[in-house]
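In the two assemblies presented below, chain A is common to both, partnered first by chain B and then by chain C.
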Partner chain A sequence: MTEKVLMKGNEAFAEAAIRGGCRFYFGYPITPQSEIPEYMSRELAKRGGTFVQAESELAAVNMAYGCAAAGGNVFISSSSPGIALMQEGMSFLCSAEVPVVVLNVSRGGPGVGGIQPGQADYFQATRGGGNGDYHIPVFAPLGIQEAVDLIYEAPQIADRYRNPVMVLVDGMMGQMMEPLRLPEARPFVATEEIAAYKPWSLTGKAAKGGKRRVVKSLLLKPEQLEEHVEQLFEKYALAEKELVRFETIGLEKADVVFVAFGTISRLVAESIELLAAEGIRAGMIRPISLWPFPYAAFEQIDYTTTKAVISAELSMGQMIGDVKMGVNGRLPVQLIHRTGGIVPTSLEIVEKTKAILQGVK
Partner chain B sequence: MATHKLFIAGSGGQGILLMGQILTYGAMHEDLEASFLPSYGPEMRGGTANCTVVVSDKPISCPLIYEADALVAMNLPSMLRFEPLLKRGGKLFLNTTLIEERPKRSDIEVIDVAANQIAMELGNAKAANIVMLGALIRETGVLQPKSIEYVLENKVFHGKKASLLPLNLQAFHAWQR
Partner chain C sequence: MQRTSSVNREIRESSKRILAVVGHFGSGKTEFAVSLAMRMAMQERPADMPRLALVDIDIANPYFRSRERKQMLEAAGISVYGNAYDGEITAELPALSAAIRTPLEDAGCRVIVDVGGNDSGARILHQFRKYFQQNEHELYAVINANRPETSDIDGALAHLQAIEMETGLTVSGLINNCHLLRETTPETVAQGHRLCEALCRRTGKPLICDCYPAPLFDDAALQALPAGSTGPYHMPLGLYMRESWLDKLI
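Here is the complex of A and B:
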C-alpha cells in the first residue's frame, strides 16, 4: 500500500486518473475543478501522456470521442454547465460504444448558476441530456478517497462496457483536502499495443482482407438502429446486475431511513449520531452507483419499525423519484434539501427530521 | 482524544488556509485522521478567507461543522461573523493587534494573542499566522508542538523558503499566556 498523502481533491482526482491509465486529457477550465486541467497540463506530458486545452467543453468531448475511437484511454472533466455542453458527445459515445471516463465536479445551477457545491445534476447524470436511448454508469463517492478509488477503477468499467462512465463529485470535494492513499500506477497502454488491447479501435492496422473497423453513431435504417439499440440495452441490463453499489447504516429497527449520496451523506451520518443521542434510531441507504440505482437496497428497510424515508439532497429533490420507486408505496417519502450551493448543517437535518417524524406519527 | 473541530477565519493574504493545512499535515504526522475544508469562491487579497479543520483519532464522518471547539479570528469581521459558531465553553483566539472590540458572548473562553505585533517584533509581520498557530496548539493541545515544528520544516519552509524557517519557529513559540 502507498503512503498517506495530503492532497486537494481536484489534484487527487487528476492523479488517480493518470494512475488509472488515462493517457489523454482534453479540457477547458471551469470553477470548481480548474485544478484538474492545471494538474494535467503540468503532469501528464511528464508521464508520457498528452494534455490538450480545448477551446470549449464541446470541443473537449469531441476530442475525447476521436482519441478514444482510435483506442486512447481518455479522461475528461468539467463542472455542471460544462458537462451540459458535453451531453451531445455522451450520446454519441454511447451509440458508437466508445469508452471514456468523465468527472463532474458539480456546482449549483441551473444556468451558469454559482460555484458552490450542488447535487442538482442528478437528472443530467442519470437521465442524460443527450438524445436517444442510452445510459451512463454514474458513481457518486462521498469523499476524496472513495473518489480516487472509483476514478482509478472507472477505465476498466468503461472498457468492459465500451461506454462512457461518469464519476460525480461536487465542488466541496474538489476544493477540500483529506489524507488519502493513492493507488499504484497502471502503465499507459503504448500506441503499438492498442490494437491488441482494443481490437475494435481505429488503429489503421486491420489485417489485409480483415473486417473493416467502423466507429459511428449514424444508422439510417430503422431495423439496423433498433437492433443496435437493443444490443446496447443488453449491455445495460448486464450493468444493472454488475454495477449496483451502495452502503447501508443502521437499517435494523430504524425509526427513519435517510437516502443520501455524496457530500450530504456525510452530514446525514453525523445527523444519525445526533438523533441517536435523542433516542431516535435513524439509518441510511447511501447509493454509490446512481445509475444503476440501488433499488434492491430498499428491501433491507425494516418496514415494521420505520415510519418514513427521507431523501436528503443538495437540489430541489431529483433523486427522490428513484427513492419512491425503491420504497414502492410502502412508506411516506419526504425530502430534506438545500440548493443553490448551500449545504445544510447536520443540526438542521436533525431538526427537519424531527418535524417530519412528528407529522407521520 | 476526542474529535476537535477548529475554525480559522481572517482576510485573504493572512495565511488562513496555510494555518489549516499545517494543522492537517500535523495531524497526519501523528497518524490521526484530519480534514481540511477551505472556503472557496471568487476570493481575493483582502477579502474573507476561512477554513474548517477537523482532527480526530477515528475516521471523520463529516468535514463540515455546526459548532467549533476553537475559533481563530484574525480580523474583526471574522470575529463578528463567526462568534456564534463557537460552542459553549469553546476557545476564541483573538488577534488583538487588529481587533480592539471584545466579543459579545460571555459563555466562551477568550484568548488574546497580539499576533501581528509579536510577529513584527520578531521582524516579519507575515508570521502573524504562525504566532497564532503557536497559541492555538498550546491552549488546545490538539496536536503536539513538535509535530507542527516538523511540518514547518518539511512541508512549508523548505527548499527556497528554508531561510524563513528560524523566524517561523521563533514565531511559533513566541506567544505566552
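Here is the complex of A and C:
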C-alpha cells in the first residue's frame, strides 16, 4: 500500500489511467476537466506513453479508435458537451469491438450549459448518444478514491468485453481535493507485445498465411449485421450478470429509501444522519454501475416499513425511470433534485424528504 | 495556545501592507488567504491602515475560489475584489475588474491577494507589477508536502523557482500547509515542517508559519505541533472553503 497523497480529482484520474496501463491519450481541453489533458501532456511522455492534443473531441475519439484498433491501451476524457461530440465514435467503437476507457467529468447542460457540476448526462451515458444497438458499461464513483480504483480497473473490463467502458463523475469530483492512495503502476504493453496481448488487433504483424484481421463497423448485408448485433448482445447479457455494482446502507426497517449516485450520494449520506437525529430512518441504494443498472438492489428494500423511495439527482430526474423499474410499483417513487450546476445542501434534502413523507402518510 | 493567538500579530507586525499568496494548485492557498483575512478582521487594525481587503485574482480555477465566500468575508468587514462578473457567472474568464486596483492603490488598506495556482496562475501578477516594486509587499508561497509534485525538496524548489521566473518576483517567505484535509494530524504538520525547514536552508527564505486545521485540533494536538527552532508560528485555518459533505464517504 502506498502512502496517502492529496490530489485534485482530475490529476488523480489522469494518474490512475496511466497506472492502469493506458499508454495513449487523445484529448481536447474543456472545463471542468482540463487538468487531465494538462497532466497527460506533462506526464505521459516521461513514462513512455503518447499524448496528442486533438483539434476537437470528434478528432480525439477517432484517434482513440485508430490507436485502440492497432492494440494500444487508450484513455480519453472530456466533459458533457465534449462527450456529446464523441458519441458517434462510441457507437463505432462498440460495433467494431474496440476497447477504450472514457471518462466524463460532467457539467450542467443542455447545450454548452455551464461549468458547474451536473448529472444530466445519465441518459447520454446509459442510453447511448450514438446510433444503433449498443451498450457501454458505465461506472459512477462517489469520490476520488473510488474513481481512481475504477479507472485503474477499467482497461481490464474494456479488454475483456472488447468494448468502451465509461467512468462518469461530475465537475465537483474533478475539481475537489481528496486524500487517496494510488495503486501500483501496471507496466505499459510494449508495441512488440501487442500482437500476443490483443490477437485481434491490427498490428500488421500477422504470420504469412494467417487469418486476416479486420476491425470495422460497416456490415452491408442485413443478415450479417443482425448476427453481429446479436453477438454484441450476448456480451451485454454477460455484462449484465458480471458488472452490476451497488452499495446499500440502512435499508432495514427504513421509513424512506434514497437512490443516489456520485456526488449527491455523499450529500444524501449526510442527510440520512440529520434525518436520524429527528427520528426518521432513512436508507440508501447507491448504484455504482449505472449500466448495467442494479435493479436487483431494490429487492433488499423492506417493503413493510418503507413508505417512499426517493431518487436524488443533479438533473431534472433522469435515473428515476430506472428507479421506478426497480421498485416495480411497490412504492411511490419521488424525485429530489437540483440542476443547472447547483448542488443542494443536505438540509434542503432533509426538508424535502420530510415533505414527501408527510404526503405519503 | 499562546503561540496560536500570537500568529496574526506576528504576521501583521513583521510584514508589509500587501500580502500575496502563491503556490501549487491545491496546496491550500485560498483556505490560507481566507483564514488570514478572517483572523485579521477580528483584530484591531493600525490607525494608518483601517481598511482590509481580499483580492481574488485566481483566474485559473473554476471551482473553490475565495470570492465564493464573499458574503461571509464582507460581513466580517473585509472588502472583496475579484472577477469583473463577480458572482453573476461562474466562468473562469480572465476578466478582472479594474476595481481590483482600488485596495492596491489605497495606502490605508491592508490587502491579501489570493493568486491562482502554479506559475501559470501567478503569471497574472505581471499586470500588478508596480504594486510589488515599492517594498510594501510580502510574497508568500504555500507548500503542501502531501501534494505529490511538491513532496520533496527538488519538486518544491522547482515549483518555487517556476513561480519566481514567471512573475519576476521573489518569494519572501514559506507557509507550511501540509495537510490531508480531515485526516490531518500533528505529524502531518510536522512532516511539512521538516520539508519547509530543508527548503529554507536551501533557499535562505524564512518559514513564516505552520498551518493546522483549527476545527480538527484539540489542545493535545496543538501541544504536539512542531515548535520550530527558527520561530515560525502556528496558523489556525478555519476550513472555510471545505463543506462537510465533501468529506462524507459512505
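Simple rule for what comes next: the second predicted complex is superposed on the first by the 361 of 361 C-alpha atoms of A that agree within 3 Å, B and C clash if a C-alpha of one lies under 4 Å from a C-alpha of the other, contacts with A are read in each partner's own complex, and residues count from 1 in each chain.
In this section, a contact is a pair of C-beta atoms (placed from the backbone, for glycine too) under 8 Å apart; a residue touches a chain by one contact, two chains touch by 3 or more.
These numbers come from a predicted model, not from an experiment.
Asks: With the two structures overlaid on chain A, would chain B and chain C clash, or do they fit side by side?
Replies: clash
Asks: Mind working out whether A:L347 is in touch with chain B, chain C, both or neither, as first, second, both or neither?
Replies: first
Asks: Scan A:G171 for contacts with chain B and chain C and give back first, second, both or neither.
Replies: Both chain B and chain C are touched by A:G171.
Asks: First (chain B), second (chain C), both or neither: which does A:S78 touch?
Replies: Neither: A:S78 stays clear of chain B and chain C.
Asks: Considering only touches as defined above, state whether A:I115 meets chain B (first), chain C (second), both or neither.
Replies: Both chain B and chain C are touched by A:I115.
Asks: Please work out whether A:M284 is in contact with chain B alone, chain C alone, both, or neither, and reply first, second, both or neither.
Replies: second
Asks: For A:A269, using the defined touch cut-off, is the partner it touches chain B, chain C, both, or neither? Pick first, second, both or neither.
Replies: Both: A:A269 reaches chain B and chain C.
Asks: Taking the superposition as given, does A:K4 touch the first partner, chain B, the second, chain C, both, or neither?
Replies: Once the two structures are laid over each other on A, A:K4 reaches both partners.
Asks: Determine where on chain A the residues touched by chain B overlap those touched by chain C, and list them.
Replies: 4, 6, 31-32, 115-116, 143, 171-172, 175-179, 266-267, 269-270, 346
Asks: Taking the touch rule as given, give the residues of chain A at its contact with chain B in the complex, in rising order.
Replies: Those residues of chain A that touch chain B are 4, 6, 31-32, 115-116, 143, 171-172, 175-179, 266-267, 269-270, 273, 343, 345-348.
Asks: Going by the contact rule set out above, which residues of chain B touch chain A in the complex?
Replies: Touching chain A: residues 21, 24-25, 27-28, 33-38, 40-42, 60-66 of chain B.
Asks: Across the complex, what residues on chain A touch chain C?
Replies: Contact set of chain A toward chain C: 4-8, 11, 31-32, 114-116, 142-143, 145, 171-172, 175-179, 247, 249, 265-267, 269-270, 284, 286, 341, 346.
Asks: Hey, which residues of chain C end up touching chain A in the complex?
Replies: Residues of chain C touching chain A: 25-26, 61-64, 90-92, 144, 146-148, 151, 179-181, 183, 244-246, 248-250.
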